[in-house]
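Heads up, the next two complexes both have subunit A, just with different partners, subunit B and then subunit C.
And then the complex of A and B:
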């Protein structure tokens, strides 16, 4: 009995190790590339022949063609604000739909369902026209436009958060109500603290979307190079006219923008694990 | 009380219909249909009434100044082309401002949407007036403005919380969608140069796309089938792989749980955009993977695996890479849900002598399907609409049929992107979008409504 257990443990650990290597390999490779001294995207050896920090230096000093520091700041601003807005939108919608009963509840859920079925950027051109009509497509206002784009539809993807709220016991809410809490207090002081995993999940995903998305950013920024986000910048580095000079810088940029996100992720991932374990049982 | 009212009463407070209000309401209540807020003002709700009146005035001013014109232009979509006029004084040609169909369509739709919202507010004022009148007549306390505000944080909290998101959804999701849907019925396209002025053409765009003899039609069916195949594999490979991984990491015997999770989450921490581009460069004929395979002697020194140049290879590659990209996310999402499974279920199963595999199939899977059906449907649809993975990885390549506008790994969405942004066939793009929607709608609405978690929320 005991040996069977050890054997299955060993097998599981081997499987995990192999998988972990597969998952970490590309990241390892891009870190290597970011320190590579040879230029160009095609190499004949896996490990670089010489190492350098020059790629990082170039990224921040060579601002004539692609102004990376500026893009970084742009994206950070957009990410912070759209994260705040969309987290608020999404969680409040999820809470209302899970805990409150109102007439528009089912219609809203059906509507969200239906809207989610349309290809996301089918409306992209139209969104651009609308933002243009209200004058948000010039200069620094592009940032506001992008923030709105990223957070505007957040309340439509409430499903995961709602599912989570649904599994937290209604008894807690009822007890609080008897103690004289308003629903707003229940939402902020009970439901949210009890739902840390989902709150953090929401924050993370909404913080990340501006870093990942380049299609929307590209359509809305158009030729306004000083409003570019990191994603457009990195994409540009891989275009034919830049790739020979900028490929290793692309890797350096990739490493750099991954760092803040990685830190956030690793700091906060424990909330996923702890979950609701034992808030109210039975 | 009719049946419908009873049904709505279950979802919240019951509301009288407009007809009932006109039948039962007093004079001031009836008058609020014309002068919004009058009923409230007459029944001790001055502030509320003033707000309603202000809304009405704002709407009327807007309609008179531009709204009516906007709607009147909708049927024709404008007909005045831009023209050159010789200006005698300045001795130059000046351009007159012609009609721009696209703006006419946008403003017209926005006005219609605003009118709908206004009608909704109008109904709200009638109800509010009726309620105030009822309370006043019965000698009960009519809520003061401050009490109304306070209730927005309590029993009416949903209004406070839902209004801002709803506003943005209307402006940035619904309005643009309606706008694009309208485009499907016009000839707004680079074909025949209809980019400034265009007209309604009815269903002819749909006819073009359904005609499998034409180039566009043939491409459509091919892309559609691949899209469905892709979405199926992308969804379920990720789901099961992520779930099994989560179980493996979280089982009792596994050591260093944090470390394993770290390894997988690390690839999550790299933005998907970046990791996809990295993957793409790695899988190029001269990329890292081929270099590595050559140096360890798996393939000949001058050979390379056709990751994105052979149709079949490209299709398998995108699905496999999608597992690499998606599983860490699935892992994180499902870990929380897996830990919500009541542990006593497993304890009972252990007592009855069920092994781990049996437990997985009779406890974990049913519970997971129950809780995550909406999630699965959402994932499936988002995979049908998965632009990033395909566009950044393969860009729809390889293109084997040079006449068509789509490559072999193009999904409906990436094809839509190519049609609208690159080719400027806006109308055909819109039709593709609508058809994507129709296909998804039929499939998922049926499964969603039949799923347990929709029928009996919070029952498990």
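And then the complex of A and C:
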């Protein structure tokens, strides 16, 4: 018995190890490339022949053609504000749909479901012209335009958060209301603290989507290079005029943009895991 | 509760401030009569201080020449290949003057965003450029820009491996060194087919004629390519492997354009050679390789509010003076006929190679809209030959299939 169990454990672990290597392999390769001293986009060896930090230095010092630090700051500002706004929108919508009963509740949920079936970039050109009509497509206001774009649709993707709120018993809300709580107080003081995992999940996803978005940023930024986000910058580095000189810097940039996401994830992870213990289930 | 509201308010203020701060567009205003606001787009290298800020320099000179206008320049970044898309997306909010690659001309004319040049302006442009270049930016008899450089690919080679005589024949080169060719890239591969008399849209503008890549002459080329790919000295250049090979010495010649000049020069140094395309041997006869050629031009937005200053600026940016400056600052190969005799420029190997290629061993890249159907089938042919799917047995069928696909939009 015991040896059979050991054997199956060994097999499972070997399979897992192989899969882990396969999954980590591309990331490992990007990290290696970011430290590669040889120039160019193509090399015949997996491990670089020489290592350097120069790619990172160039990314932050050679800013006349592709201003990476500026793009990084732009993206960070946009992502932080979009994250705050869309988390608020999404959780509020989910709370209302879970706890309040009003006439348009069902139609709203159906509408959100149907709208959610269409890809967001379908409305891209229309969104551009609306933003232009309001005057948000020039200069520094582009940042505001992008923040609005990324957070505006957040209230439509309430489903997961609503499902989570639904598991908190109504009795808790009722008890709070008897004690004199308003709806807002129930939301902030009871529902949210009981729903940490979903709050964290929402924050993570709503930070990542503006952080990595390419297509909206490209359509709205157009020729305003000082408003570019990192996604556009990294794409530019792979164009035929730049690729030979910038390829290793591209890898360095790719490593750098993963850092804020990694920090966010590590910082929030403890709530993520603890929270799964969940609320006071009825 | 209260401090939450304050926090929310503070965040809002911070948000607005962060959007309002940051640099506005810089401008240049001088005393004058009419107030003019010109938005100008160019690639970022043309505006970078490190490479001489060509655009700003030219715009300042232009403003100095025209005291009658009080010009405010607004600069934006759009490279020649993608400017057309941004302009077609929304011409009203696009640059008055911009640089574009001629294969995008129909994108902009379809959006009615590209101004036609006529009268004295047309005469001035025609006087400064060769017939072939003018044709590359003429559509239905209308001239759509001021050309400032040619755009094509040619051959870089290692002078220590090949002599001046060797480089006229691909076969001789293959016997002496390793040649890398972007075989799976449909901007390059048709060179072989053009060499044996295949045509695209007649002279390039007759859309109704379609692609002629399926005849016996094309089959002969496919058969030749099946053999060529087996030659150990012929290496497929994909994803930058050609440049990497040149760097480590395993490759002695590659096909690319002026955009790779800096890298090639750095690798080969004084041994760098550049030349027009060689001849290949088919059935005992020499056939010339022909690259696609095009041009880059300064265009004017048809929606511009200040048409006269915009056209004048475009003419200035495409003038011999601006082209010379462009060459000195950024090594952009000039095409003005006035500069052909300039000793500093005419000694440049890349200048010679590019213009020789343009004049002698290239075909004007068609910009009829059916051209869009031609890229993928040719690319697939290159990949199939490399993979060994195409053999001497099925070469005829595969070539005809490629031709059918090139003449079909894939829908009806």
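Keep in mind that, in the parts below, the second predicted complex is superposed on the first by the 261 of 282 C-alpha atoms of A that agree within 3 Å, B and C clash if a C-alpha of one lies under 4 Å from a C-alpha of the other, contacts with A are read in each partner's own complex, and residues count from 1 in each chain.
Criterion: contacts are C-beta pairs under 8 Å (C-beta built on N, C-alpha and C of every residue); 3 or more make two chains touch, one makes a residue touch a chain.
A quick note: this is a predicted structure, and the numbers were derived from the prediction, not measured.
Novice: Quick one: is A:226 in contact with subunit B, with subunit C, with both, or with neither? Answer first, second, both or neither.
Specialist: A:226 contacts subunit C only, not subunit B.
Novice: Between subunit B (first) and subunit C (second), which does A:47 come into contact with in this model arrangement: first, second, both, or neither?
Specialist: neither
Novice: A:257 in the overlay: touching subunit B, subunit C, both, or neither? Say first, second, both or neither.
Specialist: Once the two structures are laid over each other on A, A:257 reaches subunit B alone.
Novice: For A:140, is the partner it touches subunit B (first), subunit C (second), both, or none of the two (neither)?
Specialist: second
Novice: Using the touch criterion from the header, give the chain among subunit B and subunit C with more contacted residues in subunit A.
Specialist: Subunit A has more residues touched by B than by the other partner.
Novice: Tell me the contact category for A:77 with respect to subunit B and subunit C: first, second, both or neither.
Specialist: Second partner only.
Novice: Which holds for A:164: it touches subunit B only (first), subunit C only (second), both, or neither?
Specialist: A:164 contacts subunit B only, not subunit C.
Novice: Looking at the overlay, does A:125 come into contact with subunit B only (first), subunit C only (second), both, or neither?
Specialist: After superposing on A, A:125 lies in contact with both subunit B and subunit C.
Novice: Just which bits of subunit A does subunit B share with subunit C as contact spots?
Specialist: After superposing on chain A, subunit A residues 41-44, 125, 129, 219, 247 contact both subunit B and subunit C.
Novice: Taking the touch rule as given, give the residues of subunit C at its contact with subunit A in the complex, in rising order.
Specialist: Touch list, subunit C to subunit A: 11, 15-16, 18-25, 41, 43-45, 48-51, 76-79, 81, 83, 86, 89-90, 93-95, 239-241, 243-244, 247-248, 259-260, 262-263.
Novice: Which residues, counting only subunit A, touch subunit B once they are in their complex?
Specialist: 5, 8-9, 12-13, 15-16, 19-20, 22-24, 26-27, 29-30, 41-46, 89-90, 92-93, 95-96, 100-106, 108, 113-127, 129-130, 133, 148-149, 151-157, 159-160, 163-164, 166-167, 170, 182-184, 187, 197-198, 201, 208, 211-215, 219, 231, 234-235, 238, 247, 250-251, 254, 257-258, 261-262, 264-266, 269, 272-273, 275-277, 281
Novice: Can you list the subunit B residues touching subunit A in their complex?
Specialist: Counting only subunit B, the residues touching subunit A are 8, 11-13, 15, 102-103, 106-107, 110, 153-155, 157-158, 160-162, 164-166, 168-169, 171-177, 179-180, 245, 248-249, 251, 253-255, 257, 260-275, 277-279, 281-282, 284, 286-288, 291-292, 295, 324, 327-328, 332-333, 335-337, 339-340, 342, 371-372, 374-375, 378, 381-382, 385, 387-388, 391, 412-413, 416-417, 420-421, 426, 429-430, 433, 436-437, 440-441, 444-445, 448, 453, 457-458.
Novice: Taking the touch rule as given, give the residues of subunit A at its contact with subunit C in the complex, in rising order.
Specialist: The contact residues of subunit A facing subunit C are 38-44, 64-66, 77, 81, 84, 125, 128-129, 132, 137-141, 143-144, 147, 219, 222-226, 239-241, 243-245, 247.
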